[in-house]
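For reference, the structure is listed below as structure tokens.
Per-chain numbering from 1; labels A, B and C assigned in written order.
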Amino acid sequence: MAKPAPVSPAVPQAQTPAAHTEPAPAAPGGLVGWVDDRVPVSSILKKALRKAFPDHWSFLLGEIALYSFIILLLTGVFLTIWFKPSMAEVTYGGSYALMRGVPMSEAFASTIGISFDVRGGLLVRQIHHWAAILFVASMAVHMLRVFFTGAFRKPREINWLIGVGLLQLGMIEGFAGYSLPDDLLSGTGLRFVDGLIRSIPVVGTWAEFFVFGGEFPGDVVIPRLYMVHILLVPGILLALISAHMALLVYHKHTHFPGPGRKDTNVVGQPLFPVYAAKAGGFFFIVFGVTILMGALMQINPVWLFGPYNPAQVTAGSQPDWYMGFVEGAIRIIPNWEWHLWGTTWSWNIALPGLGLMGLLVILPAIYPFVERWITGDTREHHVLDRPRNVPNRTAFGVAAMTCYGLFWLAGGNDILATQFSVSLNNVTHFMRVAVFVGPVVAFIITKRIALSLQRRDAERVLHGSETGVIVRQPDGGYTEAHAPVTDETAFTLTQHQQPAALAPSAGLDGRGVRRTGGRIGRLRARLSGWYAGGQIAKPTADEIAEAAHHGGADHPAIEDDDTPALPGGSH
Amino acid sequence: MRARRHKAARPLVVVAALVLLGAVYAGLSPATTGVADDATTSAQVEQGRQLFAVSCASCHGLNGEGLASQGAPSLAGVGAAAVDFQVRTGRMPMANPLAQAPRKPNTFTDAEIAALAAFVANLGTGPEIPTEDQYLPEGLTAEQIARGGDLFRTNCSACHNFQGSGGALPQGITAPTLIGVDAKTIHEAMRTGPGQMPVFGGGAIPDSDVKAMIGYLEEVHAQPSAGLTLGSLGPVSEGFWGWVVGIGSLVLFALWITSKAARR
Amino acid sequence: MSLDTRDTRDTLDLPVPDPGLHEEERFTDSDEAAGRRAYRQVVGLLAAVPVLAITFVVVYFAVPADAQLVLFGSAFKAHPVLLGLTGGVAVLAIGVALIHWARTIMGDQDVVEERHPAGSSAEARQAAAAVFAEGVEQSGIGRRKLIGMGLAGGVGILAVPAVVMLADMGPWPTAAVRAETIERTIWAQAVRIVNDVNNLPVKAAEVELGQLINAQPENLHELQESDPVAYQREKAKAALIVVRMDPAAIRIPASRQDWQVDGILAYSKICTHVGCPISLWEQQTHHLLCPCHQSTFDLANSGVVVFGPAARSLPQLPIMVDDEGFLVARSDFTVPVGPSYFERDSSRDFKEGDD
């Protein structure tokens, strides 16, 4: 028998509050209230719903990746209902007549089954593959936007590294996915990967036998790829995407320079209702576009390739686009192979394979830290750079894109040869040179363009925009009238900071002892000088004021009512 | 004292010289290889010889012996099928000695082609023009056609691609597209090995297999596609259009979404 | 000391002062008719969605699987195309409606949110360090260091059993295993060469000049029924091409005079680069091109590489004629076929200039 609870002293009745003029909005009841009693939803929401999200089209690129991933999950689950990840041999007996009686693996047979005997199956297969193409493409474009605007700087380096990891995993996921149907085209790609793994120095045969369960092709690689494709990599992707979004929410989004925008604030649309509607609407748009692509553009018609047969191949064998750069590298590399003391060192495969793929991971991963080391910039940044104001970074990025793009084109050298009626061998020779020369040329051109744009910005601030209105002056001369830029524009064009280069550390310290690390310090100072040298000095306040009053005979300004002011007048 | 010449001497000397020249030429000119049979020369072969002399001999020689400087091979033993293939598809006569004879409209009538073929066949035994039962894929079961696909992917797709859209070979040569190419032409090409294409002889691939392969191609080309085929070139064009249409349209949407609505 | 490293207004160089946020009025806010039109457009888009959804369901059940749409001379499969059109436009319509609503009807004033420095404050760091230090003190690990080292070592060493558990992922490719697997094929003396797919044996006299035969060993066919996995595995090594060239026009080294029959030569069909099957043979140049990465081999010169990334010549199969006139192998390949691997002794491969 429980002890009776002590009787509490009489609690005065709660008085109804005195009538007030405006009733407060009712606290949420019903379901939200039920949840709120257990988890502090309201506390979270009261801040979260008015979070500011800066509005720029380039900020939606990461969303394309996120939504593509969701589409992949949805369509992927549909496909797993019918796909059989088995290399056991069956004789096809389904409705696609052109494969009747052909021996094939269960994986291939079930893919043909999805395409022809499951209503809507072919559509979902095509949506799934187009979404995969878009997933990697949008991650690449998003990464480029983050790079060119400097959004990877402190405090977002961790998010940048997570992003680099997401891109690599996306590529691996795509490769595993399109290899699952065990068709002739992807099987040829798997054969290439087998040769790639086998050629790794020292451990190649071991890695090959462990991945394929013995010799190629074996009967376990498709089930293993299936496990990687639906369990391992999606799990890691989900975890990394969650971390990526969590950091984005915590750090808040960056914003482009503009009036009212500082490093200490964020200006944008409120999450609820505007941004939720725009982001939610964009999800439906991405989904809709992907469905339409799946409906109107055929992709990966495996029934035309046929089942994988190690003695068959098709002309124009390429992997999906995001593996194209490796394909290109392995086509154009000269046949360097060492035969030493009974061993074979296949540099012609290891350099494009491990080497170039490794470079695609390492270079982006270390870039934020290298740039930070060169510039000595340890500040927190939330206002983005306009790419023209960081010409060296922009030029470097374009050069890297050019190198990647040329490798990608080299991967399709036979398609280039047939479509443009040029010799296959000449395309290969050209690409061997172009992948080195092209990026250098691209760097120079891009830097020049960025510097010109900086000069143009300075011109606009000082002298206004050209209007195309020609004014004839009393003394007979013709000049073009300029419209002064608005204060908002002038601010946007001059707010970027132009830090000086790092001073080289002196050779000797205060006590006359030689400083250690001097050589690296001098290298750093030289790089910093070169990096900071890519700037056109922005107009100072004095120069702007002087230009505004300079006006006069040479540059009459245009008023609101379109009549040019008399020369010499100030306004 | 003047030497006396008969007034017919000069014309006679000219005639004698011409006869001598003709005899020397006839003696030195290459003999017609193979079956040079004046006894069985039919009117068709004769017509073919005349056509050949006009359209082909400048590169291939009057007796089809070939001319290395023009890059023109000997036609002895290529057979009537080769002539039918090359002339009917317009590849021959070739305007310039290029790396590869391009397909172009044919200017000969069927009778003229038959005559040319008969003439060349007379130069040496080679593949004959196939009859319809050798190449028309009729009465084939689904399994046979599917097997034809297997044969196609084993022997042909390496050059011509999985759908016969064509492919690249070294030094600017291409394996041409097979889309829209008729069965007779495919049969002849396999048996005669035109240009750089190897010969696919009847011992290894009998006519029944060739018909199955042709049947497969015809079925595949007539098949409806699940959307635009983008050239049937595989992942390269898919990646290209995925970027252009997919990323392109989504960027356009993004521009619209984030633009400010019309202002006063 | 502040750990805030953000640029604040007093540290920045701003030639033009910040004019602050500025808003302009929207048409749909100022013009009643425009506002109503936007509303009608949003509702109209949303109204289309159920229509399209029902059409989707009708198409799913009513359109037969083999129905075709013929447009501009091309035939398209009606079912997936119509399904995707209706579904895609329906989903797109929802998205467009949402965006249109957000752009033209929802209030579009910007909000400003203050940021805080991304990292923890100096006080928080000191407090955390103090709490941690207290905890470490409490754990007693300071004076009893062996616990920490032992723990780290113990957990670390558990990685070894974990890795060892993967040892059966595949057979171990020791030298003996390699000799039985990747270094041999099922070709052997007297094994007949047959045409791939139709399994017709090849009579030497019937092979024409310039002919290419995609071939395989006759004993491969039996494997297809009995052991399909072994069939694929052996086919990936034993695939063969047979070509006939004019012996006077090619170079046959002394050591390989009896590897060929009147200009009929047999080569491995598996590229020595990364293993794609090659059969792009140019009849006149005698070059064999691999479609994967364009390695080119000269079959008139014992398969040496003339272009591309392959580093070793194509293995040649010694062949002869049996008493019925059919082509048979004289022996297995004399070098391992297919892609390179580290332990491969490549000194026996044919090189340019060998005899």
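What we mean here is this: contacts are C-beta pairs under 8 Å (C-beta built on N, C-alpha and C of every residue); 3 or more make two chains touch, one makes a residue touch a chain.
Owing to the predicted nature of the structure, the values given are computational and were not obtained by experimental measurement.
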{"item": "Graph distance between subunit B and subunit C, where chains that touch are linked", "value": "1"}
{"item": "Distance-maximising chain from subunit A - centres being C-alpha averages", "value": "B"}
{"item": "Chain closest to the middle [Cα centroid of all protein chains]", "value": "C"}
{"item": "Chain pair, A-B or A-C, that carries the greater number of C-beta contacts", "value": "A-C"}
{"item": "Between subunit C and subunit B, distance of the C-alpha-averaged centres to the nearest whole Å", "value": "36"}
{"item": "Inter-chain centre distance, subunit A versus subunit B - centres from mean C-alpha coordinates, in Å", "value": "49"}
{"item": "Inter-centroid spacing, subunit C versus subunit A (mean Cα positions, whole Å)", "value": "21"}
{"item": "Sequence positions of subunit B contacting 2 or more other chains", "value": "147, 150, 154, 158-159, 167, 169-170, 175, 223, 225-229, 253, 257, 259"}
{"item": "Sites on subunit C at which at least two other chains make contact", "value": "77, 80-81, 99, 102-103, 108, 196, 214, 277-280, 291, 294, 307"}
{"item": "Residues of subunit A whose C-beta touches two or more other chains", "value": "122-123, 126, 278, 281-282, 285-286, 289-290, 294-296, 309, 311-317, 413-414, 424-425"}
{"item": "Subunit B contact footprint on subunit A (complex, rising order)", "value": "55-61, 64, 97-102, 122-123, 126, 130, 133-134, 137-138, 141, 184-185, 278, 281-282, 285-286, 289-290, 293-301, 304-306, 309, 311-322, 324, 411-415, 417-418, 421-426"}
{"item": "Interfacial residue positions of subunit B with respect to subunit C in the complex", "value": "147, 150-151, 154-155, 158-159, 167, 169-170, 173, 175, 193, 195-206, 209, 222-229, 253, 256-257, 259-264"}
{"item": "Contact set on subunit C toward subunit A in their complex", "value": "4-9, 12-22, 60, 65, 77, 79-85, 87-99, 101-103, 106-108, 110-115, 117-119, 166, 169-173, 178, 181-182, 196, 214, 216, 224, 228-229, 232-233, 235-237, 239, 269-270, 273-280, 291-295, 305, 307-312, 338-347"}
{"item": "Interface residues, subunit B side, partner subunit A - complex", "value": "142-143, 145-147, 149-150, 153-154, 157-163, 165-172, 174-175, 216, 219-220, 223, 225-230, 232-243, 245-247, 249-251, 253-255, 257-259"}
{"item": "Contacting residues of subunit C [partner subunit B, same complex]", "value": "24-28, 30, 34, 68-69, 74-78, 80-81, 99, 102-104, 108, 195-198, 200, 202-203, 206-214, 243, 277-285, 287, 289, 291, 294, 296, 307"}
